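The following pair of complexes shares a single chain, subunit A, combined with subunit B in the former and subunit C in the latter.
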Partner chain A sequence: MLGPTQFLVWSLGILLEATVLVCAAARHSFRRYFFLNLYMGTTLLVEISRFQIVRSFGFSSQEFAYFYYYSDALLTILLYFVLISLYALVFDEMNAGSHVRLGAVLLLAGTALFSYAVIYQSSGKILSRFMIELSQNLYFVGLVLTFVLWGAILKLRETRTRVIQFVLSLGVYFSAFAATYALRNLFPNLDWPRTYLVPAIGFLLPLAWAHAFWRVPEEARLAPARLAVVPR
Partner chain B sequence: MMAALILVFSAAAMLQFFISYCRSLIATSAKQVLSAEVKDVAGIHTRASGDDFKRIMQLLHLCPARPEDRNSVPAIGAYFSLLNFLRATLARIVPSMRAWTESERGQCAYFAAVALERRISFSRHMLAQQIDA
Partner chain C sequence: MSRKLTVIFLAMFVLVGAMGLKTLVAAHADGVVVANGTGPCPPLPPNR
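Up next is the complex of A and B:
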């Protein structure tokens, strides 16, 4: 069952996800960033469902493990759509939207097939290992896509502060999760990444997005070259 | 092998994205002009320096937190710690890195001073509301 700390962390996560939706609605940005809000709304529902499953079956149950990994993969796929929508925003003036969508869908299908092929050859416990491998690869591909998008932002001199902050926070999120899953893949018996690291990383995106919606006006502009670690 | 490569690449990318994200937070507050009162309280005479950061953060914790600061202030605090780490290690070997960390630390202090100004006006606003009630 859940301890008081875990209960607090869970409740805080749910509250933060709801805050993003409220901030987006209050700043009239719900439709403009529809996929970001759709992702946050789905995350909210998933978190509530996970909470119910833990209450019914327990934290270490197989039911929770299966629901956790499947919903995680589903949320990651949804996060791809967020990324595609940000690509569409950045490449808006170049009319390259259809190429971006096609490329992203092909990459997603390729990642799923690659993960399935790797696990099919190496394990008897196909489903659970497939989910960890798939999540690690999905997050990593998400990270690579975010990296490319950040490069495009620097190259095309995209100045919208909100878009820049959404992309950078996604980069931190994808890389943190890809690293965590890789760590779990390398050391399957390690428990602390799942217990402490995953909930802490889970806070990053709702905090950053709530801040961007609430504090950064849509018309705010920023020179992206100033943000690059290596000066351009 | 694959997982190890992903781990190394992801950790490096996370560092790069985190630094850029913190700099985007700092850039949004860099345009704001500090009042003479806050400059005086924070001890900023000409330009904010990294050495002012700790004192400004202590003052910041004395004021009631604004909900909007919940994310940005801890992120900049973590960024400042990272800069201190770089200053104590890599910057000793690479002189250009020392100048860069000093400049970044100063900007972190300026960001904290802007947050302090916001919190002071927030406290004043709350006090005025209480007096009115």
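Up next is the complex of A and C:
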């Protein structure tokens, strides 16, 4: 059974996700950052559907559990495409679009194959296990990809403030996820990471993206010296 | 051709790194954490 605090946090999250879309549309950045907005729009729809399922079937129902984990896998795949779209933006001037796409498809296929190899001998509902395993593995792939992208941003002296803010927000988000994952596995009996920390992490991306769309203009640039001190 | 091979190598390198990191963080454990959205996370489905 969910308490009023959890419902309040959930509703605030939904409101914040809608705010990102409104801010992106208001600043005419919807198409430029299409995958970010697609991810946020899908998250919004999924959250509203989850809300309805909890109201209809209850929090502990199988319907909610299945819908939650299947929809999470879908959202994680979309988040992966967000990251790839940021790669495409950073490597835009190098005309490396086709190589980024090739790498992205290979990596996604490799992760799916690895996930299948982990679960294929298990009994029970293999599709559910696969979706959960794929989702978890993609989080870690996302974490590594984000740090590689941050390295590329420093090396290429990327100065677009918005792009930098998007990449940094993803870095914080994936790192927080990995920390929660480690905490859950170190202390499996602890319930508060799942109850409080996971929803708190869910706030990170909408907050950072809404701020980036609303407060940071598309033309804003950071001086390279403020990113890293590189010997000349 | 060599650029394509480099891309393939990099993709496999990232995959190995990510799975290595996952193993390091949670060896022999079965914890599941998801963080898309701010909704509460339900228990795993039975016989998943």
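As a convention for this text, the second predicted complex is superposed on the first by the 198 of 232 C-alpha atoms of A that agree within 3 Å, B and C clash if a C-alpha of one lies under 4 Å from a C-alpha of the other, contacts with A are read in each partner's own complex, and residues count from 1 in each chain.
Keep this in mind: contacts are C-beta pairs under 8 Å (C-beta built on N, C-alpha and C of every residue); 3 or more make two chains touch, one makes a residue touch a chain.
Keep in mind the model is a prediction, meaning the values are calculated, not measured.
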item: Touched partner set for A:W150, first subunit B, second subunit C, both or neither; value: first
item: When both partners are placed on the shared chain, which of subunit B and subunit C touches more of subunit A; value: C
item: First, second, both or neither for A:L222, with subunit B first and subunit C second; value: first
item: Touched partner set for A:R27, first subunit B, second subunit C, both or neither; value: neither
item: Partner chain(s) touched by A:I14 [first = subunit B, second = subunit C, both, neither]; value: second
item: Touching partner for A:R162 - first (subunit B), second (subunit C), both, neither; value: neither
item: Subunit B versus subunit C as contact partner of A:S60, first or second or both or neither; value: second
item: Contacts of A:T195 with subunit B and subunit C, given as first, second, both or neither; value: second
item: Which superposed partner A:H211 touches (first subunit B, second subunit C, both, neither); value: first
item: On subunit A, positions contacted by subunit B and by subunit C; value: 136, 139-140, 143, 176, 178, 181-182, 185
item: Residues on subunit A engaged by subunit B in the complex (per definition of touch); value: 136, 139-140, 143, 146-147, 150, 161, 164-165, 168-169, 171-172, 175-176, 178-179, 181-183, 185-186, 207-208, 210-211, 214-216, 220, 222-223, 226-229
item: Subunit A-touching residues of subunit B, taken from the complex the two chains share; value: 3-4, 6-7, 9-11, 13-14, 16-21, 23-25, 27-28, 68, 70-72
item: Complex contacts: residues of subunit A adjacent to subunit C; value: 2, 6, 9-10, 12-14, 16-17, 43, 46-47, 50-51, 59-60, 62, 64-66, 68-69, 71-72, 75-76, 79, 99, 102-103, 106-107, 110-111, 114, 124-125, 128-129, 132, 135-137, 139-141, 143-145, 148, 173, 176-178, 180-182, 184-185, 188, 193-195, 198-199, 201-203
item: Footprint of subunit A on subunit C - complex, ascending; value: 3-4, 7-8, 10-12, 14-15, 17-19, 21-22, 25-26, 29, 31-48
